[in-house]
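As written, the chains take the letters A, B, C and D, and residue 1 is the first residue of each chain.
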Amino acid sequence: MNELIPLMVIVPLMAALLISAFSRFNTATKVFAFVVAICLPIIPIASNYGLHYFGGYAPMLDNVTSVMYHPAITYSFTFLQQIFIAMIGLLTFLVVFVYLTKYRKVSGPYLFLLFLGTAAVTAMLLTDDIFHMFVFFEILALAQVGIVAASSIDYSYEMALKYMVLGSIGSPIMLLGIGFLLALTGSVNVTDIAAAVHNGLVDATSPVFLMSLGLIFFGWLYASGLPPFHTIKSGIYSKAEPHGAALLQSFTVISMISIVLIMFRIYATLPIFEVLIVFFSILAMILGVSLALTQTDFRRMIGFLAVGELGFIGLGIGLGTNFSITAGLFQALNEIIITALLFIGFGAIVEATNEVDTRKLGGLLAYHPKVSIMLLIAGLAMAGVPPLSGFQSKLMLVQASLSCGFPEISILAIMVSIATFVVFVKTFYTMFLKPKPNDLDLEGKEVPRAMIFTMAILLIIVVLFGVYPDLVTSGISNFVGGIL
Amino acid sequence: MAQTQLAILLTSVALIVIGLYSAIFIDNIIKKIIGISFIEEGANLFIVAIGYKAGGVVPILMPGMDTSWFATNAAYPLPFGLVLTSIVIGASTLAVMLALVMVLYRRYGTLSTKVMLSDTAKQEEYNE
Amino acid sequence: MKLYDQIFNVVKQFRKLFSPGPVTNADVSGSITAEIFLIVSLVLAVILLRHVSVLLAGLATLVVAIVLITNIPLIPKFKIEQEDSLEKMLFYAVVTLSIIIAFLYWGGNLV
Amino acid sequence: MLEFILCIITVLSAILALIQKDLLKAAILTGFSGGALAVLFQILLAPDVALTQAIVGAAIVPVFIALAVKKTQREGS
């Protein structure tokens, strides 16, 4: 049923518009949002793999040069897209569920932003058209700013404005890079551009081609929050509501991998492309983890850790072999789940204590045992302790870098994992095990049930991927074999 | 008419450089936003210049035109379609930024970036 | 003895890092871990230059190690450069953009 | 010839907008820059883009900025 492919974008988009138009009817909005959110993970699972041409314009063969042209905006749907869209759909469902149970009166515009962001990342994953991706990238940036600005945390407006100002430098630079590619090849379809590069129609050593790489790469740095954008990315995570932050980090990860896969298909022949990606990934790992070690606000700490983990994904893709790219994409999938679990879990602690400073917390294990055990397991999964899912992807990354002849990178990756572990042990001790400070009032405050339910579901997925990594790695490996 | 294209490219480079300069050196947040929006305009101008064909015609097929003559002489319309989207995105981004500035002015009473958008920890001390 | 005094001063300087608020021993040990992690990981990252030239990698590793160790504590300096003020973030973004462009234009074909 | 004049107007009014002390004048000069850009698009054989840019760049964006200036303060250092 290939008709379902465009529905993956259209359903959340239409739901967003309808909810914001009819948000006066509170109960109807709640029911409608819930039903749409349930549909989101089901549609990609029910759909078949295939291509969808908008407007029905099938690819044409130019008889003179015998080159295929794709006149329509093309959506390609394979196993990789299926697993990532199903995961983002599941996450959106859980976040909307947490939001709906938290407030009696729901806000239409906030639900609009959540669904708009989901539609945007889904389109970015599916599309085979670089400008279409850019448009949804801008829509995603607006949705992210809205989610941050809608939160009730202090200084969220300032952070949203900072993100927007930086974004209005990053996005036009990326547009300029797309313009350079358009000037070289006369097309915005990635398959056409890649074919032109690989057939030698474009001079891969010309300065224009290299410039387009640099400009799109800068836009990618902004989209994925690698240095120099790691401070703003961790900042917007810490200023959004916990469930919003869980969704924001998944938007970041998915926009990162969708842009980098497009860049990989176009620029894989240039050795400097891989050098750039590995350089910025290593910088992100070092800076993210070392700054996370010195934070006292635990939301900010998770934000920096999330940025540091992004370095692993970049590392896997930068090494450029089939095995390493598989490992990087598997790490991306794991990070979406684990970081969402951490944000929601620490958000539950904020709900129960109204405190974000680790120095003023303590002794929470006796009051919230379920949350603390689940947070501990999630932290261990992020640090890469067997048999959890983070272990499998990090082991694959270490093996991949060893087999590429870069033992330094494997040592670095193991060191970053150990430092992540230290961050968790330190935070877990100060928040849960240390004696309770006298001025901390914990009586009569409960963690919302919906949050515990959400964490349990995410934890099941973490353990499942940890025990049976072959569920996804074999499919991703097939996909990677197709683009190499 | 290669001179036209060269002049256009220089203009777009100048707009982008003005935008990047204003991003670093201008303190007033509204002027900074105006300056940054010039980057977007420069990128738009560059992409339109890609589709331009010296001595060509507007890419609209009028009745009575010869199709093969039109195909060789019309400008390339794909970049124009992209720029249309991009202009609207730029305007909406600008509107959101100005709205946030209006909200923040009520809290700080100044438009200076150094006060309004400095480090969060310093702002906490400033407000206390 | 000089290096010992310097390391002892590091712990004292971390106190400023967490002001306002109390300083717990977990925070200080976290900062010391970050300090050591930063030095070791940067030196390790520089060793990656050996794929370009072994001599360059050796020299660069020595220089980086000496510069980093004589400049402890590094973490307060790093944190000041990476606070979330718009000025600093824009400055680093534009500098990174110009470095990437210059590097690709003049060195893009050398690698 | 016209396109060179328009290029100069675009860049010059952009620079002038950024060195104004009065933010309202800066908003009007932004409109000049956007309008000149619209005519430039017309010369570059893109009439549809020119129409959009004329509306957005020469009317909507200056009005937005002027509204923001009215709600905040007029003099900017």
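Throughout what follows, a residue touches a chain if its C-beta (ideal position, glycine included) is under 8 Å from a C-beta of that chain, and two chains touch if they have at least 3 such contacts.
Remember, predicted model here, so these are calculated numbers, not experimental data.
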item	value
B-D or A-B - the one linked by more C-beta pairs in contact	B-D
Computed distance of Cα centres, chain C from chain A, in Å	27
Distance between chain centroids, defined by C-alpha means - chain B, chain D (Å)	11
Between chain D and chain A, distance of the C-alpha-averaged centres to the nearest whole Å	37
Contacts with 2+ other chains: residues of chain B	20, 23, 37, 44, 90, 94, 101, 117, 120
Chain C, residues touching no fewer than two other chains	83-84, 86, 90, 93-94, 97
Interchain contacts (touch definition) - all pairs	A-B, A-C, B-C, B-D
Interface residues, chain C side, partner chain A - complex	17-18, 21-22, 24, 26-27, 29-31, 33-34, 37-38, 40-42, 44-45, 47-48, 51, 75, 78-79, 82-84, 86, 89-90, 92-97, 100-101, 103-105, 107-109, 111
For the chain C and chain B complex, residues of the former touching the latter	20, 83-87, 90-91, 93-94, 97
Chain C-touching residues of chain B, taken from the complex the two chains share	20, 23-24, 113-114, 117-122, 125
Chain A - residues contacting chain B, complex	131, 135, 138, 141-142, 145, 149, 154-155, 157-162, 164-165, 167-169, 171-173, 175-176, 179, 182-183, 186-188, 235
Residues of chain A that touch chain C when the two form their complex	159, 162, 165-166, 169-170, 173, 205, 207, 210-211, 213-215, 217-218, 221-222, 227-232, 235, 270-272, 275-276, 282, 285-287, 289-291, 293-294, 296, 357, 359, 406, 408-409, 411-412, 415-416, 419, 422-423, 426, 429-430
